[in-house]
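Structures for review follow.
Shared between the two complexes below is subunit A, which has subunit B as its partner in the first and subunit C in the second.
And then the complex of A and B:
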């Protein structure tokens, strides 16, 4: 069982649209994991049935019981996150600023402050239109630790793939280089980098690739909307060659991506021309590269 | 006592790639034609605004986050520090205390509760801040070091730098990261107004609704700019109407705009309708 993770560095390059197309092409041999937990969109194309849902708890939130509070202010003194303030003479914790470190509870002389488990989101296992399964999630507002929920989604997907003897886990990652991305990359056998031919696209690609290199995973790149700037496209190709990144394909800019999305379809379902061909070729190439 | 602070406008989204940086850079340049403005790139994981300006570097500094460092010579192995760390960032392995900086939230609990003073907090470099100037425009960018996972401390320190140094500039624009989780909340929580940039597609609408929930949780006044108007469908407009959300501008889908953006160029000069949209936004 191999794990393929799709990331981009820059947002809006087409990660989710392309991952969804691969999920359709991979069909029943692929378990999908939507790890872009704070702005998940795969469900808009995969027709999930939310067969199983579970609350996800991560971290803690401090809570002050007003009955026992003696207003000594020690909690405010130790809080590094400005999460405790005084409103109408009452000491109150702002759950959004609170990072659940527990320090205030430890110094409270009357043991008035409790740490409650924080409901950080919800995760789901769904049957999807390809006949396979998708694990996905929704991070709660103000929840920290989007790395932990990402890890939960991936681990569940792994278990399901193992039990079902599936060939692949396909992970839709998030933009950036921070904790959720690092969490998505852990355990990956192959990384698909989706970029666009712009100064921002190349800049962000370089940064996210530095991260991939640190973790030492084989990588391939898809240049989406390639014809918007042929000069930048060539620069990216040069970067790929210099860094031994497999150049998977160039996809031309096509508004059918959006038309398909509006209909809840992936490009390989909607398109019958060059886009479908290129996406299919890429998927075949990726499978070859990851198995070897 | 009047506190002359800048009007803080944050530009956020939900979905990545909707046009936050395009809007912040063009808006900042437009304002700079008339008055002093500071543009701050808080998308510290992937800071892009600087690609659109060539300015004079005024100041550069390393930014640090504080993490505990074990002083073996003072440690009595009392076992308090692993107990008080809620993030498992400090653990005891046999006779050693190990610190995992990427898990540390800098709460100082282990350091201050240590009876032997054996875990002093030391600075660890997390990123770099650069301050540029081009005429009326001050541009501050912070860049997270590769391998550093936490954007929030760097975003927080960058905001403080701007508040200290540019407290008397009239307008400050904050280019925020995409998404709705902790980095975005840190970037937008003190803004006087947040502009949410979206695209009129199902992904755009879905992520916008998450961003709206976040803004309401933070109690920030906000408005929406619909970029690439003309593709997708009108559901975003319907959604805004039903939710009583102000639509500040609709920028048409135009390949030329994409091409200019891809080359790192500002484009409002070439597109009178965009210029008009920018001034409408400011009038509001």
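And then the complex of A and C:
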């Protein structure tokens, strides 16, 4: 079982559209893990059935037991996040503002404030239209993605893949270079970098590749919308050569990307021309690189 | 020599955990006493953030001469670990602790 992670550094490069296409191409042999939990959207293309759901807790939030509150107001004085206010003569915590630091609980003279585990969202195991399984998650309002949640989603996908003797885990990675991305990457056998020929596309590609290099994972790159800026594209190709990154393919700008998305389809289902051909070739290439 | 492994289990047959920060366990082998011990890392695994540096702290306290892991520590953890005189070997995932140890002894692991 091999783990392939798709990341982009920059948003809007087509990472999820490309990942979803690979999921369709890989069909039943691929367990999908959507670790882009801040803006999870793989489910729009994969038609999940939310077969299994479980609450996910992360971080803490202050809780005031109204029965023992003496309305002294000390909690309001010390809260640096202005998370406690008085409503109808009762002291209440705004869970979105509360950072769970525990200062209020510490100063509360009647010990009526306690920190409780924060319900951050739900995670799911779904059957998807490819005939395979996807592990994904949905965060509540104001909750942030974390290395812990990404690790959870990935480990579940790994277990499912092992049990079902699947060939691949395909991970839609988190954006940026922070904690969730490190967690998306660790354990991977191959990373696909999706970029676009723009100043920020190249800048963020360099940034995220620093991280990939640091944790010793073989990488390949797909330049999406390659024809919209040939000069920038050449610059990216040069960067790939200098860093020994496999140049997987260039995808031309194509409005079929949007048309497919509107219909809830992946590119390889909607398009029957060059895009489908290039994506199929890339997927085959990635499989070869991962196995060797 | 004291060798630390990031591992999914606690024995010679356990697989190396490719993760550094969120590794399940840290397995320690003391070549002098031939003793294999382990430290449970599940508390760190359940931290929302900062797992890498927390595990680096643990390694720091255990003071091994060698660390064998999978992908290797990330930027922050690596920076912290530079302060102890320790060699780090990576790419040992998909191996058992025993296989990783053998590969280390025969010079077949990649050092960072």
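Operating definition for what follows: the second predicted complex is superposed on the first by the 252 of 292 C-alpha atoms of A that agree within 3 Å, B and C clash if a C-alpha of one lies under 4 Å from a C-alpha of the other, contacts with A are read in each partner's own complex, and residues count from 1 in each chain.
The rule is simple: a contact is a pair of C-beta atoms (placed from the backbone, for glycine too) under 8 Å apart; a residue touches a chain by one contact, two chains touch by 3 or more.
Fair warning: this is a prediction, and the values are worked out from it, not measured in the lab.
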Contacts of A:147 with subunit B and subunit C, given as first, second, both or neither: both
First, second, both or neither for A:214, with subunit B first and subunit C second: both
Subunit B versus subunit C as contact partner of A:292, first or second or both or neither: neither
First (subunit B), second (subunit C), both or neither touched by A:58: second
Partner chain(s) touched by A:187 [first = subunit B, second = subunit C, both, neither]: second
Touched partner set for A:179, first subunit B, second subunit C, both or neither: both
Greater residue coverage of subunit A in the superposed arrangement, subunit B or subunit C: B
Subunit B/subunit C common contact set on subunit A: 59, 146-147, 179, 182, 211, 214
Of subunit B, residues touching subunit A in the complex: 14-18, 21, 45-46, 48, 51-52, 84, 86-87, 105-109, 112-113, 144, 146-147, 149-151, 177-183, 185, 189, 201-203, 206-207, 210, 213-214, 217-218, 231-233, 255, 258-259, 261-264
Touching residues on subunit A, where the partner in the complex is subunit B: 8-13, 16, 38-39, 41, 44, 59-60, 78, 80-81, 96, 99-103, 106, 115, 139, 141-144, 146-147, 174-180, 182, 196-201, 203-204, 207-208, 210-211, 214, 225, 228-229, 231-232, 253, 255, 258, 261-262, 264
Contact footprint of subunit A on subunit C as seen in their complex: 18-22, 45-52, 70-72, 74-75, 78, 90-91, 93, 110, 112
Touch list for subunit A against partner subunit C, complex: 58-59, 146-149, 151, 179, 182-183, 185-188, 211, 214-217
